[in-house]
Amino acid sequence: MTHAYATPRFVSQVPIRFAHCDPAGIIFFPQYLVLFNGLVEDWFNRALGVPYADMVAQGRTGLPIVHLECDFRAITRMGETVDFGLRLARLGNRSLTLAVDCTGADGELRVAATKVLVFTDLQTHKAIAVPAHIRAAMERWMSE
Amino acid sequence: MTHAYATPRFVSQVPIRFAHCDPAGIIFFPQYLVLFNGLVEDWFNRALGVPYADMVAQGRTGLPIVHLECDFRAITRMGETVDFGLRLARLGNRSLTLAVDCTGADGELRVAATKVLVFTDLQTHKAIAVPAHIRAAMERWMSE
Amino acid sequence: MTHAYATPRFVSQVPIRFAHCDPAGIIFFPQYLVLFNGLVEDWFNRALGVPYADMVAQGRTGLPIVHLECDFRAITRMGETVDFGLRLARLGNRSLTLAVDCTGADGELRVAATKVLVFTDLQTHKAIAVPAHIRAAMERWMSE
Amino acid sequence: MTHAYATPRFVSQVPIRFAHCDPAGIIFFPQYLVLFNGLVEDWFNRALGVPYADMVAQGRTGLPIVHLECDFRAITRMGETVDFGLRLARLGNRSLTLAVDCTGADGELRVAATKVLVFTDLQTHKAIAVPAHIRAAMERWMSE
């Protein structure tokens, strides 16, 4: 799993709080997945111009995960502020593949992950085509 | 439970995410408590100049809650950005009382809460005196 | 806040896991609120004979909290199995008041809390009367 | 990722609660990872006879994840009781590979995952050899 994509990288900074950490004093790993989920929301809201909450609540469109791969390379401690990065690796008809990472302020890669997400109708939980306005916004995040 | 304190109010803005919300589409109430905990951290880090994570990890000083009262007045929905506010209501020998709130961008009070926290030694979990440098920093947040 | 009710006490045993605990090695306090929420679900499902998930998902009836008071008396450590207890303290037209507790296997009271919950219509988030079949089931949990 | 192992499968049943679910009314996917973590604890406590909390708190031995792969095949709804299954796929010098799953009461595979965990010293966060008594207990879970 290498992240040598030529595509632009969206970054959101996150302070690692007491609430993220476990009795070992480091991030409890499912919290990385919660934070990656927040990263996708930030990308929709700030970069794509597609309000994520409206897509879910009004549009009744979901974006569940179908495949996840994560390498946990180094620990992250309570009190650090880290970068969460996102690149669009692939845009399919109904799905997208994101390469996401958590990187320390020292540049150390802590977690590298690949997420495959699928657009769904929240009434039926069936896959649907990527909505046209979202596809248009995402295409600007593909490599040339 | 009224919050008509003359003391200064520390505010931190929080976007309400998918991960905070429940099948009713609104904040799952224990998340308010997680967010109030983050608010106390922000107050320590940004306003008091006392790094919260260092206090816990290096100083082995804890700040557990001993009493909590909350009024949930109105719902908060996914996608809102809300203000979390904090006032120091009382500073005792070993404890402090905080009046915290969650307020919508429309000025509507969503949650008002009072938290009593106690400083403890994390080896013994016994109460200890408020550390002197923290007391000095907090006194600036008391009313004149 | 004393819990000297003559009403029956519903009890659910819970193992305290790594995921419930914080860098101090004890339950992160918002997790008590998550676990009290689960206790209310267990009471509905096992004692009242009212499937909680169906009430929410099919019935579109919610049961949000409007008032909470908690005393945190003693710590609970990772690895303990504790009792979560519930008593119905008051049943109103649209609300109910529950006295809940977390008690160690050694009989030590760890947390005592009072929760006021209100039935709502999940379309409008407005309060509604306690549904008749739920009221009938709850009345068996009132003191004689 | 197929799970056609000849090794024994450890199973723990879990009720899916309101607190596990998101505004789409289904399990919020990081909760699967929290629940898989609980499954590993249950395996240690119930099957291996190694109290997980003592290993962490007294033994200062951690078991962080270094690699994770998940396929999310079907949704799980609030109110279901599902089986979480675990098989030991590989036992190395310092690591173990677990094949875990979430399976509905209807037999439908919801999530299949592979986790690679490493034993660490919680003072240094460095990898250590699998402790001898844990290795002995785990070997009974390998295929013949």
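General remarks:
Labels for the chains are A, B, C and D, by order of writing; each one numbers its residues from 1.
One rule holds in what follows: a residue touches a chain if its C-beta (ideal position, glycine included) is under 8 Å from a C-beta of that chain, and two chains touch if they have at least 3 such contacts.
Keep in mind that what you see is a predicted model, and the values were worked out from it rather than measured.
More inter-chain C-beta contacts link the pair A-D than the other of B-D and A-D.
With angles rounded to a multiple of 5, the C-alpha fit of chain B against chain C returns 180 degrees of rotation. Interface chain C/chain D: over half of the residue numbers present appear on both copies, so the contact uses mostly the same residues. Chain A and chain D, compared by their mean Cα positions, are separated by 24 Å. A straight line joining the Cα centres of chain C and chain D is 28 Å long. With centres set at the average Cα position, the gap from chain B to chain D is 34 Å. Listed for chain D are residues 18-19, 23-25, 30, 34, 37, 56-57, 78, each touching two or more other chains. Within the complex formed with chain A, the residues of chain C that make contact are 18-19, 21-25, 28, 30, 78.
Listing the residues of chain A that touch chain B in their complex gives 15-19, 25, 34, 37-38, 41, 45, 51-54, 56-57, 77-80. The residues of chain C lying in touch with chain B in their complex are 23-24, 26, 29-31, 33-34, 37, 56-57, 62, 64-73, 75, 122, 125.
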